[in-house]
């Protein structure tokens, strides 16, 4: 079973290797300079050479990301509850939340610096802004789409609204919560990096800025590779936690498509 | 009916006005300088004063966005067909597509400039990169989740695979396609603006860069407001086209949540 | 009202406003369920049977008329019957046992005691071996058994069963009918039951109320004088066949095209 | 094989491999359907009825044995029967009329001619007024009528109907049974029909094959010697009641707990 | 007024220039020459490329996407270390006009007061070394907190989110004066850091080999532009504003003030514009190399570098 799941990645692995080889050949052909596109081997070299520095920055960025995800989860759930349980709140806030998602967050950078300084807070704020929405929407939708007959069943038992929330709505929303969280997880690292961009002492985003200024392109790409891996790691982590937390929930399309991550 | 739908936005409108008023008061209080956060009235003033310039930039950015969406739609559909119809392609490409979504696209900027120069192509490429994935995933998922009994029904009629694709799979995937497109539409403007950062003579993104460097913060916010409005416009446009194109398709949750846009 | 009655309806009506029109669904229903009786409602689709059940279960209020449970027409009705809807409505995140324990949990009853009682019942009604499974792994028939047992554990004295066997295939249905009769007899419950199936009604009931198409009126009240305990064979008796014919022709006249 | 037979099965078996085990589903089935006959399969859930239908419809191949349609055991079987599955499977993006025209479209038949024929049929079988509606607006019974008509328009000579009335409520079911008999008689189709309902089988069939639990064997072949045209009342005749009892007891023995 | 006044119709050569920023007073000479038609006179059809926030002019020049770029001495050194050779062909300013600044009321009186303070930096590799050196030269320890800020440092400074920053006097310094913001300034070149050229014009070795004439013609017109700006700051600023547009220059008075400051540094008195001195090219790069502020493509420090090939005066108009 385990082996088979890994084997399923075989074709992707082959294609990935082929793409990397093509890339290496392309760069070596000299059509572009390594200052624009370093070769894969040069990137690996940079990853190895700068592993100590990169590790420290990665820890910092991961920390920001995880804290942000926690805050986004709490905020997202609270908002989802508000939206899911009151139609007035829904009418008042939902359109604004949608609009808020169309605002380029980078524009907030100066404000965040002024409000929160360069400590970890602005990163947490940005990760939260990047992540709460998918969680909120998925959960609120799920809270609302609970089979109304289930609610009526509980009402016929004279359950209080709290009992209905606790026994029916929340558990029913859990799979959607994890879907939202999975999407959020893939955004989150980008959020942290944008947050660092506002102003920071360390982190992968700052490392990238420094490397760009030093014209050290291979080092820039090394940081990008780590960013990607972090996102993937969080994506997989959420899926793993979900499988542990929801033993009763079989994905509707098992072995096919997982939940898609969205654009970062 | 029409009136009622508009009335449903009443509470949101009230909250929005309240937030704007708060913002105005906050800025007037002098806690932040207008160079960090211009007041809403100053932003409106900038929108009016610079309306000619802003209009021209908006047209440019909208053009880039629309062309990018078209390319993304074609590419997304082709990829979805490949993923949806061949499990080998799925195994080979799907993990790579997911990984591709975790790469910060800004890193591609120098490469795009070298490859495509300052014209409209790099913008189209970036919009496409931002937009194809939600379309691909939604459609491929839908192509795969068509009720297998429907397929079997057609097979029992000795329909060819092309007939099955054309008569069943594609129509069944249309609602998902529009969901994907709606998400893509909200990303797309951001994609165009990032594309302009690669290098451009005009467009809202370049306007923002200029205004930032000129310390014209109100003008920056004016451009941000337009960006938001463009995204919203595209979101609504897709919903509108969907309603025209799929008269048979009633949303499962009518009058409740629309399809959520995702993070830009 | 007669205290020997578990349930008494007098002049119950219900209309819904939809847009500008008012749709009358129940038009003056009088109905009684004696304690321990098995009473069935039968009527065309959409006539208002579930609407009536909602009113009795306390999920809805009549536009006019009175509803008395145990002679009491005043207290809120929610919680005073075990209401089972058409689908099993099991909570997928709870095991069979935890699903059955939903009622006591809502009532905040002592957990340990409820659990023992539930285990006892599951054993007696053939569900013990599934106790720790999730509903997704059960067949349709099994799910309905679990749902029925949950309903009974919530309130064994008065059951409102809205087409509980409607979604099952004909053979599974036959075996659940007998199982249900067994349950009813063990607990001496008063049952109000909905079905579209005349033979099912005849097999199970002491009394059958036949409803008209919407707005529902009571077309006929039939007391089923077949022997108890009822068995499948009783349906082939002349009396049963006559009742079946009678009820069918009545209903087919009400059936929309 | 006898050319008077629409369908002949000889020694048909089917096993599935699941992991390391092999599950035998059909164990040597012999079966014949005469031209114009209404033949019913009845058997416990999961015994292999749909598997057999898939083989006949050309969606699956038997592990061994031969299947002959119109005496021809060699040509591919897909397209040579009108196969209707348990759900109506209407295409939600097509109107009723366009759904009914699916078959001719797959066959690439002349559109105009097919449309006229479809209109004719819809009028004759009470669907004309719904022709331009989308399926989502129809009741369950209406959907099944549309699906049946679609099946007939695809292939009126040989119909494979897999529990087409299983999901309907008892009263709607009664009216569709009569509608189906009407359809069958108009087209003189050969029909192979699946049901779980003994009375439905008796009402409709010339012959009933009773299948055992998995692996399916033929337990009994019953020729239903009730008069034609069949009516509901015939089921109350002594001969029918006897057959019903007989079949039921046979089936209940095969029924899993 | 504009165009090829002499020699009749002439084959125009297209030349592209990649700027390192949106239009500003560093580029005045180019805009003046463009406006006056001096490039045309040289047979050059100059196209100023759009500013690309995500790329450096150095990269564009190396990849032949621009003929000439605007970079800086430290940029050219970094390019050489990273294996992307470009050559500096003219210095826009003869002196480094950048400075460390703090709010006048911050209590910071001299560089050593910066110890333990928060520095709002921009993430250049030489930055920490420069700041530390300035503090140490004044007898401090050189310990400070380096926060990399990608938003306007002056806003951060005003709101006291940082204690000091590194700015160009000709841009942010002049603006602060106009806003009445009181600053204490520590000019880099006056505090023990070797003087250096920033910004400079650059080109690629390939251009130098293949089109030396074109480069000479370009520099001739450009030098004329900067010389004009040196003499007529106000006129020059107006030309810049006219070509740059209202969105780049919403405040003309600021541009004029800025230009008046910049014009002082285009050349030393009596000297022509653009020349680069060997001693300057020795001093600061050596400081950078010693400080570990130069690194290769993968981010490893580089200790030795051939400097002589990184600049040339060959394309400037000959000194009289």
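To keep things simple, chains are lettered A, B, C, D and E as they appear, and every chain counts its residues starting from 1.
Throughout what follows, a residue touches a chain if its C-beta (ideal position, glycine included) is under 8 Å from a C-beta of that chain, and two chains touch if they have at least 3 such contacts.
These are the chains along with the protein names UniProt gives them: C, D = ABC-type nitrate/sulfonate/bicarbonate transport system ATPase subunit.
Quantities reported herein were computed from a predicted structural model and do not represent experimental measurements.
Shared contact partners of subunit B and subunit C are A, D. The minimum number of touch steps separating subunit A from subunit D is 2.
If you take subunit B and subunit D together, no chain is in touch with both. Distances between chain centres, each the mean of the C-alpha atoms, put E farthest from subunit D. By number of C-beta pairs in contact, chains A-B lead all other pairings.
Mean C-alpha positions place subunit A and subunit E at a centre distance of 39 Å.
Centre-to-centre separation of subunit C and subunit E, using mean CA positions: 86 Å. Rounded to a whole number, the gap between the C-alpha centres of subunit A and subunit B is 18 angstrom. Annotation for subunit D: no residues touch 2 or more other chains. Counting partners per residue, subunit E has 59, 63, 152, 155, 159 as the residues that reach two or more other chains. The set of subunit B residues touching two or more other chains comprises 32, 36, 110, 114. According to the touch criterion at the top of this document, the contacting chain pairs are A-B, A-C, A-E, B-D, B-E, C-D. Interface residues of subunit C, counted against subunit D in their complex, comprise 44-45, 126, 139, 163, 166, 169-172, 174-175, 195-198, 200, 232-233, 236, 241, 244-245, 248, 251-252, 255, 257. Contact residues on subunit E toward subunit A in their complex (touch as defined above): 56, 58-59, 62-63, 75, 78-79, 81-84, 118, 120, 122-125, 145-152, 155-156, 159, 161-162, 294-300.
Across the complex, subunit D meets subunit B through its residues 54, 57-59, 76, 78-79, 81, 83, 85, 87, 89, 91-94, 102-103, 105-107, 134, 136, 154.
By the touch rule above, subunit E contacts subunit B in their complex via residues 21-22, 24, 49-55, 59-60, 63, 65, 152, 155, 158-159, 175, 246-251. Those residues of subunit A lying in contact with subunit E across their complex are 32-36, 38, 42, 45-46, 49-50, 53, 109-110, 113-114, 117-118, 197-201, 206, 209-219, 222.
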